[in-house]
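Two complexes come next, and they have one chain in common, subunit A, joined by subunit B in the first and subunit C in the second.
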Partner chain A sequence: MPQGASLSLRELAKFYDGAGAVLGVSLDLEPGKFLTLLGPSGSGKTTTLMMVAGFVDPTGGDILVNGRSVARMPAHKRDMGMVFQNYALFPHMTVAENVGFPLKMRNMSRSERDDRIATFVKMVGLEPFAKRYPQQLSGGQQQRVALARALVFSPSLVLMDEPLGALDRRLRLQMQEEIKGIQRELGLTVIYVTHDQEEALTMSDMVAVMEGGRISSFGTPREIYEKPTNRFVANFIGESNFIPCHLEQAGGETLARLESGARVAVGASDLPAGAPGVIFLRPERLRLCAADDALPNKVPGRVMGEIYLGDASLYRVRLGDGLEVKVKRPNRGYGMPVREGDEMMVGWQPADSIVLRA
Partner chain B sequence: MSERTLSPGNIALSAFSVIVLFVLVAPILVIVLVSFTPGDLMQFPPQGFSLRWYQRYFEDPQWQSATALSFLVAGLTAVFSLVLGFLTSLALVRGRFPGKNALRIFLMSPLIIPKIIVAVGLYFLYVRMRILGTTFGLVAAHTLIAMPYVVMILSAALFGFDRRLEWAARNLGASPLKTLWHVTLPLLRPAIISAALFAFIASFDDIILSLFLTKLSAPTLPRQIWVNVQQVIDPTIAAVSTLMTLISVLGLWLVALIQRMAARGAR
Partner chain C sequence: MTDTTLAARAASAPGVPVRTKAGRGVYPWLALPAIGFYLIFFGWPLVQMMWRSVFDDGFTFAGYWEFFSLPIYWYVLGYTMAIGVVTLVLTLAIGYPVAYWLVRLDRTWTVVLMAFVLIPFWSSGLVRTYAWIVILGRQGVVNNLLIRLGIIDQPFAFLGTHWAVMVGLTYYLLPYMILCLYSVMNNIDRNLMKAARNLGASPFRAFLTVFVPLTKPGVFAGSFLVFMLAIGMYITPALLGGPEQTTLPLVIALQINEALDWTLAAALSMVLLAFTIIIQLFANRFVDLDHMWGGAR
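Showing the complex of A and B:
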């Protein structure tokens, strides 16, 4: 049974002096789910979070927690725990006092409070540091205090504003795992804001990609990554290839005519025949192969260079019409050797491609 | 670190500094020494050592009531100017309203306008309001001249205040008032104490407003000194002056200490 609440946003909007920061955001999130608002800076993700928290008054729309509107409720009555970007720990309070602050504000008795503080300080592994002040802790430890403080009062929603941005990569990965683990165990509903797409994919149940104050795409990480609905999302998350084309109908089958004149089979597309589009292909779904390979779609190209990534290599391949595509190949230590200047075929399965609006 | 050189320029600069320092400190030093004289006259250098003028000060009811009034007025001034100054600083730093800069400059004006003009103005105003010679009237006047210091110190502190701490408190369930009490005020404590001490000293040191606004029968300490200088000129004045200087120096030392502690805490 998740302890978190459900969240719905209805046409939530914020205008500053006529200019829109958030232009009507709607979404529904089930209890106990981890939602990431992902987008570049200025996309409205932080403003959306601040409206949910109650620090920014919406110009329009509504926020529903468990079906009840909280849009007009003052921040301190919303019962949401927030982890701020730079933690916002109270410098004049010890770790234990910081964690106990929300309980004190709720007039919890001293003994009950101490029990809960002990439980949560232990949960984030900071028992030896309970009497220390925030300035005496490392960045990662401060992060844990902020987390414990945001969770200790069993809030209906947990809000996180780029909480891992200040940590180095190794610590970030470790904290991602810990946060995800605690979220699952306690059944928390989390709204997480980040511009780091990798973080969004690994942690979330649902991802809302934001662009220019709107939700550009909403779905599970797998849907967002594998079946992007527009070029912005495809481009923002992961590496992508876009091959310009025109759609053609031929005997009940949809074909795409490339600029070189070659025709390739594609999966389903909403675009009408004759419309200009781009074939979207992830580098790892492309394969370097010989001309007699069994793949249905093959285009000739020349290998222009290799970027060595350790576990894989990324090849730049120039196609016949001058367009360069990226092909990712795992370094398994066997298979066809590839060198710069090689003439090869780039092949893919029609189902791995999506034709998007150009 | 650069080596100290004995160039003519450096020697001249050092000499000049010593002279300036001497000119500034010498009168205080003279007063301090005179206060320990055993004789009946202000005499420098003093002949011998005695605490009789300090004893006189502590035993004389007139001096004692003047001292009590000065402490009362300075204390109330600190309280009033802190409350008003804090609210004003909040408005100046966080508010958005037309004429904000004009208000800021207006509040600083007691620093620029000669005190004597303020005193004359208040004198006539107080006569009409029938509060001339009241403690309240003097506290109000001192609050006026203490405000610039309080507003300057508190708005600087508020300007550098991390508002996300207040957001965090609100988010964690603290009402606006509880946020102020548990987060904002404790974090501003060093600035508040500094501002209070400055306000206290601004009032405690004032003679001009006191001359115009107090009754002769109930003077503040500086006015009592003034009266004594005109009438009797005995070394009690030197003893009182020494004590007053001590209080001011202690106050400023406290401010410096608090600021140093705050700087260390922030690290």
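Showing the complex of A and C:
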């Protein structure tokens, strides 16, 4: 039984002096799920979070927690735990006092409070530091205090505003794992704001990609990465290739005519025949191959350069019509050698491509 | 709850700040001009005054003896301290909400209100004190208004009362208090108040449990400053007060200008200085300023 509540946003909007920061955001989140609001700066993700927290008054729409509207409720009655970007730890209180603050505000008895503080300080691994002040802790340790403080009162929702932004990469990966572990363990409903797509993919149950104050795409990380519904999402998350094309209908089969005149088979598409579009392909779904390879779709190209990534290499390949694509190949130590200047075929399975609106 | 290696990982988390000893090599010498200036313009006159308080045609403790043996001087000293405390309390009571609004208001209003604080701060203390004579005098604004409203028949003698001295000092020293409080309040991370409310504190409780404790350094700095300035002030008690509002600086001036008793004047100055230092030390003992500025270091 998850401890977290369900959350629904209904046409939530915020306008500042006529200009919209958030233009009607709607979504439903089940209890115990981890939702990430992902988007570039200015996409409205932080404003949305602040409206849920109660720090920004919505201009329109509604916020439902377990089916009850909280849109008009003051922030301190919403019972949500928030982890701020800069942690916002109280500098005049020790770690234990920081963690105990929400319990004190709820007038919990001293002994009960101490028990809970001990449990949560232990959970984030800060027992030896309970009597220290925040300034005496490292960034990662401060982050843990903020986390414990936001969870200690069993909030209905946990809100996180780019909480790992200030940490170095190693620590960030470690904290991602820990936050995810605690969230699963306690069944927390988490709303997480970030502009880091990798973080969004690895941590979330659901991702809402935001663009210009709207949700551009909403789905599981796998759906968002593998089946993007528009060019913005495809471009914002991961590496992508876009090959311009026109759709053609030929004997019940959909074909795409490239600008070079070549025709390739594509998977399903919502676009009407004749409409201009782009074939979307992830670099790791493209293959460098010989002309006699069995792949249904093949286009000739010339290898222009290699970016060595360690576990894989990213090749820039110029196709016949001058368009460059990126092809990612794991460095397994065997297979066809590839050198700069080689003339090769770039091939792919039709099912791995999606035709999106240009 | 989670795996036990968490504790070990947290303990070894990198980035615990390490303080390094700075200022080796040539840098300390750069302080030399400042130290020289300080010694010549502050240190030397002080030594002179100290010397003057015990030397007048040979060593003498007559000045100190006169101070310690006559109750009138003790009364004046007590009155001076009382004036300092009351001024401190009044400036704090008025300055705290004003500084709070200065921090809370949006940019343009902060600039406008700050001008109201700073313009008197930059203008001559003498002029500002004379302004109070115009306001509080027998034919002054307040008396005229009260008579016209029919509240009083005869002009009220505001000048020459404790009340007038208090008003004058509070008005004069208020900007010092506001600036001290403002600089500290302005540096408080606004997210802290948000965090407090998010964690269940009503706005009032968040103010009391988070904001007020964090303003302590400003409160103490402002209070020290105002208190020190108030007990050393000459113009305001001289112009707005009467014989009953005699403070230690007035007595010192009297000794120099009229009694020409430089030894007593120097001795009284040393007593005032000693009290200032004692109070400072006393306050430092009970208020660990270092601790409040940056947590326990």
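Assume the second predicted complex is superposed on the first by the 358 of 358 C-alpha atoms of A that agree within 3 Å, B and C clash if a C-alpha of one lies under 4 Å from a C-alpha of the other, contacts with A are read in each partner's own complex, and residues count from 1 in each chain.
Quick note on the criterion: contacts are C-beta pairs under 8 Å (C-beta built on N, C-alpha and C of every residue); 3 or more make two chains touch, one makes a residue touch a chain.
From a predicted model like this one, the values you see are computed outputs, not experimental measurements.
A.B. asks: Both complexes share subunit A, so when I overlay them there, do subunit B and subunit C fit or clash?
C.D. replies: Once both complexes are aligned on subunit A, subunit B and subunit C clash.
A.B. asks: Between subunit B and subunit C, pick out the one touching the greater number of residues of subunit A.
C.D. replies: Counted on subunit A, the partner with more touching residues turns out to be C.
A.B. asks: So, does A:R149 touch the first partner subunit B, the second partner subunit C, both, or neither?
C.D. replies: both
A.B. asks: Using the superposition on chain A described above, determine whether A:E127 touches subunit B (first), subunit C (second), both, or neither.
C.D. replies: Only subunit C is touched by A:E127; subunit B is not.
A.B. asks: Quick one: classify A:S69 as touching subunit B (first), subunit C (second), both or neither.
C.D. replies: Touch status of A:S69: no partner.
A.B. asks: Where does A:N331 make contact in the superposed view: on subunit B (first), on subunit C (second), on both, or on neither?
C.D. replies: Neither partner.
A.B. asks: Under the stated touch criterion, which partner chain does A:E185 make contact with: subunit B (first), subunit C (second), both, or neither?
C.D. replies: Only subunit C; A:E185 stays clear of subunit B.
A.B. asks: In the overlaid three-chain picture, which partner chain does A:Q249 touch, first (subunit B) or second (subunit C), both, or neither?
C.D. replies: A:Q249 contacts neither subunit B nor subunit C.
A.B. asks: Is A:M82 touching the first partner subunit B, the second partner subunit C, both, or neither of them?
C.D. replies: A:M82 contacts both subunit B and subunit C.
A.B. asks: Shared contact residues on subunit A, subunit B side and subunit C side combined as an intersection?
C.D. replies: Looking at subunit A, the two contact sets intersect at 53-55, 74-82, 84, 86, 88-92, 101-102, 105-106, 135, 149-150, 153, 159.
A.B. asks: Report the residues of subunit A in contact with subunit B in the complex, numbered from low to high.
C.D. replies: Answer in residue numbers: 53-55, 74-82, 84, 86, 88-92, 101-102, 105-106, 135, 149-150, 153, 159.
A.B. asks: Tell me, which parts of subunit C touch subunit A in their complex?
C.D. replies: So the residues of subunit C touching subunit A come out as 1-2, 6-11, 13-17, 189, 191-192, 194-203, 205-206, 209-210, 213-214, 292, 294-297.
A.B. asks: Note which residues of subunit B are touching subunit A in the complex, please.
C.D. replies: Its residues touching subunit A are 162, 164-165, 167-176, 178-179, 182-183, 186-187, 265-267.
A.B. asks: If you look only at subunit A, which of its residues touch subunit C in the complex?
C.D. replies: 53-55, 74-82, 84-86, 88-92, 101-102, 105-106, 119, 122-129, 133-141, 144, 149-150, 153, 159, 171, 174, 178, 181-182, 185
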